[in-house]
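Common to both upcoming complexes is chain A, partnered first by chain B, then by chain C.
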Partner chain A sequence: MTLELKNVGLRFGAETHIFPTDLKLEDGSFNILLGTTLAGKTTLMKLMAGLEKPTSGEVWFAGKNVTGVSVRRRNVSMVYQQFINYPNLSVYENIASPLKVGGTPDIIIKQRVSTMAELLKLTPMLDRRPSELSGGQQQRTALARALVKDADLVLLDEPLANLDFKLREELRDELPKLFADRDCIVVYATTEPTEALLFGGNTACLFEGRISQFGPTGDLYRKPRDIISAEVFSDPPMNAAGIEKKGNTFHLGTKARWDAAGELSGLADGTYTLGIRPHHVSPVSRGEQPVAVDGRVIVAELSGSESVIHFNMDGSTWVSQSHGIHPFEVGSQARLYADMSKAMIFDGNGRRVSA
Partner chain B sequence: MNKTINNAAWIFVIPVVALVAFNAIIPLMTVVNYSVQETFGDNVFFWHGVGWFQDVLESRRFHDSLLRQLGFTFTILFIEVPLGVAIALAMPRKGPWVSVCLVLMALPLLIPWNVVGAMWNIFALPDIGLLGRGLNALGFDYNFTRQPGDAWFTLIAMDVWHWTSLVVLLAYAGLVSIPDAYYQAAKIDGAKPLAIFRFIQLPKLKRVLTIAVLLRFMDSFMIYTEPFVLTGGGPGNSTTLLSIDLVKIALGQFDLGPAAAMSLIYFLIILLLSWIFYTLMMRNEAQ
Partner chain C sequence: MRRLSWLVPTFYILFLMLPIYWLLNMSFKTTNEILGTFTLWPQDFTLDNYRTIFTDPTWYTGYINSLIYVTMNTVLSVCVALPAAYAFSRYRFLGDKHLFFWLLTNRMAPPAVFALPFFQLYSAVGLFDTHIAVALAHTLFNIPLAVWILEGFMSGVPKELDETAYIDGHSFWSFFLKIFVPTIAAGIGVAAFFCFMFSWVELLLAKTLTAVDAKPIAATMTRTASTSGYELGLLAAAGSLTIVPGAFVIYFVRNYIAKGFALGRV
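Moving on to the complex of A and B:
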């Protein structure tokens, strides 16, 4: 059972919501759609589910063309950012609802609902209504509803976004376990790169209606194919600046320069874009190839054990994120060190050229 | 926490107290005053106890108009609430037609009550009105000034025309506030339209519908201008609702005592019924 999008696109009049996309999701896989708000995550999910009909291309599921097949006749389930349950049904009836519509016998419904409730720690709440539950419990109910019918495709659209911090962490730990022994395809949409890294699996970076890259999550993070994937997969935002290569040396601004190492030394002279993640820029000189960069401090945030410093460097804003407390005066000149061995170099078309 | 005692605060409260006393408490107390006294003119009053209340509660006339009032109110509630919800469901959710529909719906609400009454009076006249003439041309023996049934039909049609829009607007506001995800989730579950209405739309509309029913109940129970202009309570007394009867007693016959007692009873009935409605409809919310 694989889900395959073949050249699937969606446009409304002159407005393109999803550019023609090819994507193949394997049986039993956990897939993450990573992208900012309005990148098209929800729309892409609706296309996968059959809630929305693509204006071009085909959706194939388990070797069958399901383009335009109504979601009612596909075995799909979905959990939303808002807690969506039937307001005047009890938790039990809510979890049972997809089975009831399908005409499952009562005894089996009872059995499956109680297993599901046990798994999601809802057993004491089965008689309550959704409005009498906490946000976390409401979302657990919605999850139970999605899981109880053994769907082939489970779509989770930012399910943790509306939960507060503690509940989010708790449910985030449980989620992979819930899907561990199921052979359904899971698609999880999120705006947070950290969440994608915690879940692992595969990630598709989505930017303005296009998938810029799809592959194993770790690979995508370490080796983004282009500047868009690198930016989508970076929080706080990736630092970028124009650089120039002359001979075997990179020049950033007027002062910062460093030698091209490894396969970068073979790079032709010219202008490139440098991308470096905030945690590779630090107030202390460390790493394999630290290069000093100077700038004026705009924001200095100290949070417990971490310092986040925003500074203006040659007209562009950079962020440094480092462990330890490093107090900086806002408005003062600061010297920070970027570990250029971790930097990514992109060519004029935004393709990454470094290893 | 210790509260500081500041007598100057009274000064700020006095204007409100004075205003409320002037426009609500004093007139109400005047009515209470009249309701327990008897007069033979010359501004001389005698204590009459609860006599007027007994008279009113026992009078055939009051029973009849109360029954007519209840009949009218429940009839229009049974028509306007389901009809209003049905129209709201049929209205478009997005696109240019939304504002057109909303304006059309709001129009009847903007017309003054006596104008509505006058409009329908002319509209329903059997000799020259479009409705009256039309019905007669179709073979119905329709004359709302002579036949009680026709008068009731016209009265109810007028109220439905005037006030269904209010229910529509409230229900529509409730419907558009339901997130799209609910409908998608129901679709994924395979729920039919009727189930979507029963398990998503109706529960989500509960609050606005409670407001709609309460507003329509109170307004229709106190209705005066429209039936006064349309039928004047006739033919005979067949459309004499409570308010019309009250005005007849108070200003027509100038029986201040019975009128005052009736006003208070009228007020208490509205208060009681509103409370019962609200409690019944909000029964499950409080838990």
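Moving on to the complex of A and C:
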């Protein structure tokens, strides 16, 4: 049981929403769609579900072409970012709805709804209307409805985005447990790279209607194939700058220079783009290959145990994120250290050239 | 200043209530008292006027006729407007915005403009002096209004609700009737109220298209006045009774009325 998108694309007139996409999701896998708002996450999910018909390509499920098959005939469930429940039905009836339509006997419905309610801590609210619940409880109801039937494909479209911090953490912990012993494909859309890393599984980076890379989440984070995947998978945004390689040395601006190590030494001379994540730029010299970079401080945020410093370096804005409190005066000249052993180098076409 | 602040609202409410009070006041007087002396309340309290209306068929059939065509019109308008409003709120099609606006322009002509064509048409097809004739004539104004009100309420319901229902396996009609209609029940109530009120107070078309069998109460009132002299007490009682259905209906939608005046858009 796999879900396969074969060259699936969606256009409205001259506007392309999803560029032709190939994607294969394995049975029992947890997949994350990572991308900013308007990247096309929801549209791609609707294509997977059958709520939207692709204008090109085919959708295959469990070895069958299901491209034109209505969502009603597919065994799919979905949870949206907004809390979507049937307002005129009680929580119990909401959860029971997919089973009832499917013609499940009442006794079994009762059993499964109460198990699901127990699991999602909704038992005391079963007789209430969704509007009488808190946001977290409303989203739990939607989750319960999505999980109560044994769907082959579960689509979660930023289900935690509209919840407050505490509830989000709580549900985020519970989610993987809910899917642990289920035989289904889960697709989870999110805008937050940290969320993707917490869930693990596979990640697809989505940028402006295109999947830039798909693979195990950890690999994608450590070894992005190109600059787009690296940027999508970085929060706060990745620092980037043009660099030049001359001989065995990289030059960044006028002052910063460092030796090319390992595979990088084999790189041809020329101009490249450097990408380095904010937590590899620190006010103290550390790591394997710290290189000093100077800049004017724009913003200095000290939050609890973390310092985030935005500074202007040769015209581009860089961010440093480090542990500990490092006070900087806004407007002052600061020296920070970038651990270049962790840097990523991209060629003129945005492809990453090395480890 | 603070101590006199109750004055303005009090005067305003008195000003608003005065005509209604005077109507009620007259309905409990005899015609002689009304014409003879100026009294602030009935000197010679009588229920005869009401008794006449509830016992004389020429009077009470007027109410029955009015209620029949108003109910027919309300049911018809809402039933036709529901799918139309759903289409306008959920689908994009060629000329949808123009069509939607054009619907409302139907309300911009005075009903009198349509009296002659309706009269001629209904006479020709044998619908003259039937309840359905008036009900159909009023739908010309009420369906556009109902579509606008319902579209507003429907657009307030996220499209994801429809999708969730389809994902759960509901067919379109099962979703529409079991989930969607209850969800916008308030909107349907408001739309029905506006249809009811328009049809209930509209006089010109109702009078033009009826003669005997479907004569509305308002027509009964004017005709009685001209044949048996000025029976002012009786007229006042009939007038008071015409307020009752409206007040009754407004009670059910009192919480949503403002949203209805905004055509469901807030």
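In the analysis below, the second predicted complex is superposed on the first by the 355 of 355 C-alpha atoms of A that agree within 3 Å, B and C clash if a C-alpha of one lies under 4 Å from a C-alpha of the other, contacts with A are read in each partner's own complex, and residues count from 1 in each chain.
Everything that follows uses one rule, which is that a residue touches a chain if its C-beta (ideal position, glycine included) is under 8 Å from a C-beta of that chain, and two chains touch if they have at least 3 such contacts.
Quick caveat, the model's predicted, so the values are computed rather than measured.
Placing chain B and chain C on a common chain A by superposition gives a clash between them.
When the two structures are aligned on the shared chain, A:98 is found in touch with chain B and with chain C. In the superposed pair of complexes, A:51 makes contact with chain B and with chain C alike. In the overlay built on the shared chain, the residue A:248 is in contact with neither chain B nor chain C. By the touch criterion defined above, A:84 reaches both chain B and chain C. In the superposition on chain A, A:71 makes contact with both chain B and chain C.
Using the contact criterion defined above for the overlaid structures, shared-chain residue A:132 touches chain B, although it does not reach chain C. In the superposition on the C-alpha atoms of chain A, the part of chain A touched by chain B in one complex and by chain C in the other spans residues 46, 49, 51, 71-72, 76-78, 80, 82, 84, 86-89, 97-98, 101-102, 145. Those residues of chain A lying in contact with chain C across their complex are 46, 49, 51, 70-72, 76-78, 80, 82, 84, 86-89, 97-98, 101-102, 142, 145. Residues 158, 160-161, 163-171, 174, 179, 182-183, 185 of chain C are the ones that touch chain A when the two sit in their complex.
Put simply, chain A touches chain B in their complex at residues 46, 49, 51, 71-72, 76-78, 80-82, 84, 86-89, 97-98, 101-102, 132, 145.
Taken together, the chain B residues at the contact with chain A in this complex read 179, 181-182, 184-185, 187-191, 195, 199-200, 203-204, 284, 287.
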